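Below: a set of structures, written as structure tokens.
Shared between the two complexes below is subunit A, which has subunit B as its partner in the first and subunit C in the second.
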Partner chain A sequence: MAVCLLLVLGAVAPASLSLSGGISSPTLPAEGCTCHGGGKPGAVTPHLDGVPSQYEPSKVYQLNISIEGGPPIGGVNAGGFNLAATGGAFLSLNETTQVFPSGEIGHTTAGNNQRAWVVQWTAPAETDKVVDFRLLTNAVDGSASPDAPDQWNRATAQSMGPDASAPTTSTELIDGPTAFVLLAMAMLAIVVYALIPKGWSKEDFYQTIWAYLTTTDHKRVGMLYIATGFAFFFLGGIMALLIRVQLAFPENDFLSPSQYNQAFTMHGTTMIFLAAMPIIFGFANFVVPLQIGARDLAFPRINALGYWLLPAGASIIYLGLFTGGTGDVGWTGYPPYSESPTSQSPGTQLWVMGQVLLGISSTLTGVNFIATIMTLRAPGVTLLRVPLFTWSILITVFLLLLAIPVLTIALVMLLLDRLIGTAFFDPSKGGDPVLWQHLFWYFGHPEVYIVIIPAFGVVSEVTATMARRPIFGYRSMVYALVGLGALSYIVWGHHMFTSGANPLFRFLVMFTTMLVAVPTGIKIFNWLATLTGGALVLNTALLFSVGFIATFTMGGISGMFLASIPIDLHFHDTYFVVAHFHYVLFGGTIFAFLSAVYYWYPKITGHFLNERIGLVHFLGTFVGFNVTFYPMHELGLLGMPRRTAFYVAGRGLEFDNLLATVGAFILAVSSALLAVNIVYSRRNRVQAKDDAWESGWSLEWVTSSPPPEHSFLKIPTLLVQSEVEPLPEEQGSPEANPAIGSGLTAAALPKRSRRRTKGSP
Partner chain B sequence: MPGAGTPFNEVFPTFLWFSIAIGVFVAVWLCLNLILFRTPKGTKRRRPKDAPKPGMFPHHRGNLRLELLWTVIPSLIVAYLTFATLAPLDEVWGTPDNPVRIQVTGSQWVWAFTYENGTTSYAHLDVRCGVAYEARITSTDVIHSLFIPQYGVKEDAVRGVDTKLTFTPTETGTFPILCAEYCGLSHAAMQATLTVHGPCPSG
Partner chain C sequence: MSDAAMATAPAGGAHEAQAGADLHHHDEEHTEGIYTIAPLVVSLGLAVAATSLVLRSPLIFLGMGIFSYGAWLWLREYLPTRADEHPVVSTHAPFAGIEVRKVGIWLFLMTEMMVFSSLVSTYVRYRLEAGADWVPAASHQDLFLGSLNTFILLSSSFTLATALDAARHGKQQRMMYGLVITLMCGVAFLLIKAVEWYEMIYLEPEPFTPWGSVEGTTFYVTTGTHGGHVLGGVIVLGYLIYKGANRGWGPTNSNSIEYFGLYWHFVDIIWALPVFPFFYLI
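Moving on, here comes the complex of A and B:
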């Protein structure tokens, strides 16, 4: 622990001067010292001579350390080293070396202008120890130019006591994080196994797999999306747990900084691109054609292609695991770090490539949905009679189409910078790193709306159906959605309040960001008004939607703080931001889509999920979620920056962090209950009727549960209830209630909608 | 938590009170809904007159006045909060008279502070209480962000760009300086200490 503090003090050097105070740090990478910007591994050869292969207990040995190669010793501060051993003790022989409190030995200011040192090592008194030596060296040209790279490398040696047995590698083979991941994978395998129906032959198995591999049916593609999304939700959750275990205690070393950086990068990328978006597309695929009375999407093959690009892109992103480390640049991938030599984790390349592929997938899907919703609506389904979930998807895919290409372009520019040496974002060659921030957030802010707007759609459906009443203010809900979509394009600058941008730009962005509260407020109050006066069926689907309203309101409110520049200057990039976006993304999107799972499950499978398990699932998720993320507001207030692999004790961060970790495990256990529920409900089927909740109105409740292969036996026509069975107060004229829009009570189906639907298959 | 007198603390309480008011309002309404309108299982479920039916676009439900009400009131709140932010914002962006300049340079993974007299110290900054400081910030490599939680300020260090932030210490002590922009392997270790030396001017 003290070593960590020492690092803080010890990492004191401008670039390209070897560390005059000596190198000593538990956070040095295992590969060697990258202490200076622009470092380059492998160009020097460190030598550690004098280590006996078998030591005599307590004998004193002299060890020679030297660096071969590297730039000529021109100026000062030409080299440095750090030597650690798992046993025995070092002694400094002269003023050029020093022993750190950690027991490691390194150079001093006086020994900073040379490339060879002599130190003394006393072997341990035990006769059965195996001592591992780790030598890190670096060589610098001493020109003090910021571009001059230092060259570093590492060497290892081993010394065994006379009675030591050959070292066993079993303890090294599985470290904590690996064991953790393996355990989780085993659990996933059990769930998958439990989902296989009893009495299945091999042929049944292969037939089902083949059917899914070759399908273009929107329902099956939707299920593939949903299954993939939840699988990655699980994987991203494991990474979240790794992060939380690491941060449970101050100065923890469960993960190395390198592993930690990979973990949060992959957590973010996985949750946004591989979990949230596929789950959304999955439900959109399954539900939207049913809601508008279409037999499939407009382009079913493109739909299948869009899906299959997802596992392809995901595999490329995760291939980094087998190439020496996944991407480690954060999901935002800010250059110049993401193209600097200090981030040459091979996985970063794959991370960029995979995301380009995912971008293509999303763009294809976006086009497909616009075409579908605009042209394939059944008779009677005019645009202002489209269910709110489909409306939300329509807005979402428009955002998608405008936003994703910007990310793809930025990624390609980054790729060119990394591969062929262009300098779009590299300030050392005249590029502009802030340009990336503009491009990324011009995509990134609509992107977060892409994942939250469908959640609004789900909650609108669930609250109305479970209140057994129409949604309150259908039209203002639609207008609010459109308004949110428009606003999402003019607020990106609020991610850049500390980037030194023009004050007028920052002020305008602050104002537009605050404006987001207005349409969001309309939606929240309309949901609340929908519940008021309803006959609430308080089942799991509604509970998750109610949970959504509570947590999303919290997230919206904390967003207001972040919109205000004087407040954001403190909160920016601290845990307050982490709390905020988990409240809107987990408390928002995930809660809403868990609600969607319970709500549409009977339509998808023909049977209900169990309500008792569902209740526990909801309570565990709600409690676990708040225990995890609420304390992060305080961590942000205390000024704990995000993306830090450790924090020092004594700043008051310990309790909140531990609490968040406890909450994360509650969340993990309760999330597993969804799998339990699916398996349980399959074995104890409670059959669902076509209109499973007995108060849904949209066309998916007209067809059977599960729907037939072509979704509808006969394309339905959407009627208008106020014409078929008018309420007493509506029997007069529609003008009796000024709030009633004329379009809602129009006497006949507009001709236009009939024409529109000619293309239905 | 930023100390008293910082721009952060001039706005934060206003936002906090509004948040609590809105949060409590939503929470109370939500809970009342769940308590008052719940129809428990087992009892014969009341079917509202306008209950939706499959295949029929439901009856109109809404109230234009109410919907306008919760469009206008949030707009007013937003307008007020923007207004409340203006004065502190001016303070954040304004330059104090004759500030003492400090050149701050971020490198992986250390902060270097160069004083007006040309001396440079690493990972440590000494300042005097009651004096206005202007830090000019840059980076030699990747993007860093100078973060002083005590004053609730933060500004990115970008190579090739000079950004600045101002602060005026008001109490003596030792405070952390952190890096808030992810900058690589030892990002978490990129910390420095700020020592404020007295005496502080009274009043």
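Moving on, here comes the complex of A and C:
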């Protein structure tokens, strides 16, 4: 609903939408520069007349350029222009214009006292070209007074040869890729349709929708978060495929550079803020109150508000698609790039604004979860008996609480710089772009821990349950989490080794960053120790967790490389960094939360996901993941920079890039299997018991699957082993149950590991 | 406790479970599920307003309208819940005996700390970088107005504390005076601020603007953010007065005033500690 309204809004919101982009072109020589700095895209309207919609090959056309509006002329510098075309050639007709070596045409000093010019353009000889024109104009009053800033604007036009194929809508993210995106959307629609239960009347449908729109129940809000997160995971995945198709071959032109910039910016922002975090907070919403034995979060209404700000912020971020281009400054949005005249598109503003709303949402969520975990625990659930997933969420929300406000305020500063011209990051007024880097990474590094720590929690739960024994070293796990949380605040400078920081600061950061390996190592060893000697139930949930341990460890090791200053000076901003953070983010967070999906699905829905499809899903994901991202280490070593749309042939980059693209498609196809699995197992239900895995340790397994409306019929009490009558003797090993695991279901379960009692809830 | 569900904790530990029926107040709470459309409406309003702000579209008024409608819905539903009479109290260390809402406010103030720390450290960084070239905002202002504002804000903390005390002792009239004077102080603060800004931006021969230099930018954005917090406080005060006039705050239910007070004192301290000395005195 919010989305629809915003779309309408985007369509009717006027004027400013035409101001896409700025005036200056980096290739312009000084005397042709039409950007005097300091100005704003203003009220002028550029006109470019005489461009034929269909050109005749090699014919000469006369083009009239003029600027409408602008300040009254008060001196010799009245106006200027720069015109570029992707085909054909320009010719200057008189001394008021000149053709630059780049092929662009612009005014001369002699032509600077007017606001209209005439030039010639010779159409290309080929018959099948599509020529894009880009006109930049600037009107000045000539007084050089700061009170009368430049007014500039840009216009585009297109001309096609007689045999050219369908026109392309240049700067938007949709055209050749459109088909791709539409196809994907259609698939999503089919899945959603397949999920609607048979025999539903319209009333059932509306009632359910209304119940979800107005709910404050932590389980429903959690499901909304999870569904939203996976929808954006899908969308971010599409973006990733666009990027990979572009990079599959050297000097490919599937995406224009501008589209490419938009694609990776939206990919990063989507995956971090709209996919990973919502999925995490979805599971946190659903599981945390159950694990601590609470009926709901401390502030259910605020929880709902936190959720609804997510689609609101997301719609704003994506609204850029309809204003001539989304944000295109990378998910890190570094000034001066994010502030320069070349990035004045409203898409970037919307991208900033949307994230401000997401920041508010996360802040509210953070407050809510800490309050809940600290105050609403059921009797017996003392802090050192809280399950590790809940612990991980507690640490995460602490990080969130201290980090997100910093990002939010930094975004507001950026927005103010862009909207009213404040000086925060603008060096011409005494501001400092490096300050943005500090603020951003002061948030940014804790942020990467915000997305990985819950994954640690999930893996701890899954390994313990599937190994049928308590987690090894519970206390050390808790202390390691606390240590990681604390460390994550003093390492942000490792993202800025190449930004010219103080050497002492850099050294300290290098040292603290390397310290991170200690708590991380403790966790990895504890998981391995939990698995070793446990009676493993080999199922998809466990497989994803084991996959997590493997890939995450690799990501941690490449992190250690990057933490070392001499190495990072070479690797910074290369594909090695891309490989690193995908090993920790995809191989870490996403693997763990796919594990969480399989693990808690029976609790959430009351039935299991299919294990056989699950196995294929895991194998495809694991193989696809490594085929995609492993080669990126090599690309990085070869010096391929990240965030560039092209690479040249003959430098040894072709094979690895192609491999990565192939891997990306394997990944895409196997991810789709999750949707297939959900639909399939809904049709072929295998009912789950309350304690679905027959060895769950925490309170969520005490209530029914799915839990009743108020989560617990009666608030449970958590007792430790010594308080429970030990079971006389285990009633043999449970029969092999194909629903909960294939493979290694242990014939002889170690009896010591099954000491637990529960009453019926 | 016998019929309560049990599970074993992951770690063996000392006997600490001492459940009792009285620990379960939140059991009876929320037995009716809460359904409300208000959060959705509030978000929608915010989204429309934020988008229009960026695109400089007049639809911003529509957005603010939707937002206000949502906020009104929220209050209308929330008022009868009497959170004040039936507080949810934490049973566990470290917050044992403390109401959940109070914990929430403390946590919220932590996030506010981070907001102001970011702004102040931005200021400190630029100031140190500029060294002797820095033109302090103080050289543009009327120190009298700034000091007056400090005085007003500090007094308002006092009057609010008086109002709380009066409410706790059931003195309805004194409480209302306290609240109303606090509100008036807040409004006076904002008006003086507006005069001060107006003078600096428009009346000075050499205008001191938010877009001219980092000096201006840090001054206006930091004090502006603080002013925004005062404005928010004034709006909540309006609500407290409204509710006070209707049902009255009594000895048993005046916690809301206390929790609002935490926020108001915080805003006060932020002014008294970093903002006023950094931007007015040095």
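Basically, the second predicted complex is superposed on the first by the 547 of 761 C-alpha atoms of A that agree within 3 Å, B and C clash if a C-alpha of one lies under 4 Å from a C-alpha of the other, contacts with A are read in each partner's own complex, and residues count from 1 in each chain.
Please note the rule applied: a contact is a pair of C-beta atoms (placed from the backbone, for glycine too) under 8 Å apart; a residue touches a chain by one contact, two chains touch by 3 or more.
Keep in mind that this is a model prediction, so the values were computed, not measured.
Visitor: Just subunit B (first), just subunit C (second), both, or neither: which does A:Thr86 touch?
Guide: neither
Visitor: Scan A:Ile522 for contacts with subunit B and subunit C and give back first, second, both or neither.
Guide: Only subunit B; A:Ile522 stays clear of subunit C.
Visitor: Kindly classify A:Pro716 by the partners it touches after superposition: subunit B alone (first), subunit C alone (second), both, or neither?
Guide: both
Visitor: Under the stated touch criterion, which partner chain does A:Gln114 make contact with: subunit B (first), subunit C (second), both, or neither?
Guide: neither
Visitor: Please work out whether A:Ile316 is in contact with subunit B alone, subunit C alone, both, or neither, and reply first, second, both or neither.
Guide: second
Visitor: For A:Ser695, using the defined touch cut-off, is the partner it touches subunit B, subunit C, both, or neither? Pick first, second, both or neither.
Guide: first
Visitor: Contacts for A:Ile471 in the overlay, against subunit B (first) and subunit C (second): which applies, first, second, both or neither?
Guide: Touch status of A:Ile471: both partners.
Visitor: In the overlaid three-chain picture, which partner chain does A:Val537 touch, first (subunit B) or second (subunit C), both, or neither?
Guide: After superposing on A, A:Val537 lies in contact with subunit B but is clear of subunit C.
Visitor: Please work out whether A:Leu435 is in contact with subunit B alone, subunit C alone, both, or neither, and reply first, second, both or neither.
Guide: A:Leu435: touches subunit C, not subunit B.
Visitor: Which subunit A residues are contacted by subunit C in one complex and by subunit B in the other?
Guide: 9, 12-15, 380, 385, 432, 464, 470-471, 474-475, 697-699, 701-702, 716-722, 724.
Visitor: Spell out the part of subunit C that touches subunit A in their complex, as residue ranges.
Guide: 1-13, 15-20, 23-24, 26-27, 29-31, 33-40, 42-44, 46-48, 50-57, 59, 74, 78, 88-95, 98, 100, 103-104, 107-108, 110-112, 114-115, 117-119, 122, 125-126, 129-130, 210-217, 220-221, 225
Visitor: Which bits of subunit A are touching subunit C when the two form their complex?
Guide: By the definition above, subunit A touches subunit C via 1-2, 5-6, 9-10, 12-17, 211, 213-217, 294-296, 298-302, 304-305, 307-309, 311-313, 315-316, 319, 323, 346, 349-350, 352-354, 356-357, 363, 366-368, 370-371, 374-385, 387-388, 401-406, 408-410, 413, 415-416, 419-424, 429-432, 435, 439, 464, 470-471, 474-475, 697-699, 701-703, 709-710, 712, 714-724, 755-761.
Visitor: Subunit B touches which residues of subunit A in the complex?
Guide: By the definition above, subunit A touches subunit B via 4, 7-9, 11-15, 25, 27, 29, 34, 36-38, 146, 257-258, 261, 329-330, 334, 336-337, 340, 342-343, 380, 385, 427-428, 432-434, 464-465, 467-476, 498-500, 503, 507, 510-511, 514-515, 517-518, 521-522, 524-526, 528-538, 546, 549-550, 553-554, 557-558, 560-561, 564-567, 569-570, 572-574, 637-639, 641-648, 651, 690-691, 695-699, 701-702, 716-722, 724, 727, 730, 737-741, 744-745.
Visitor: Where on subunit B is subunit A touching in the complex?
Guide: Touch list, subunit B to subunit A: 1-2, 6-8, 10-12, 15, 18-19, 22-23, 26-27, 29-30, 33-34, 37-40, 45-64, 66-67, 70-71, 74-75, 77-78, 81-82, 85, 88-89, 91-93, 105, 107-110, 112, 120, 122-123, 140-143, 145, 147, 149, 152-156, 158-164, 176, 178-191.
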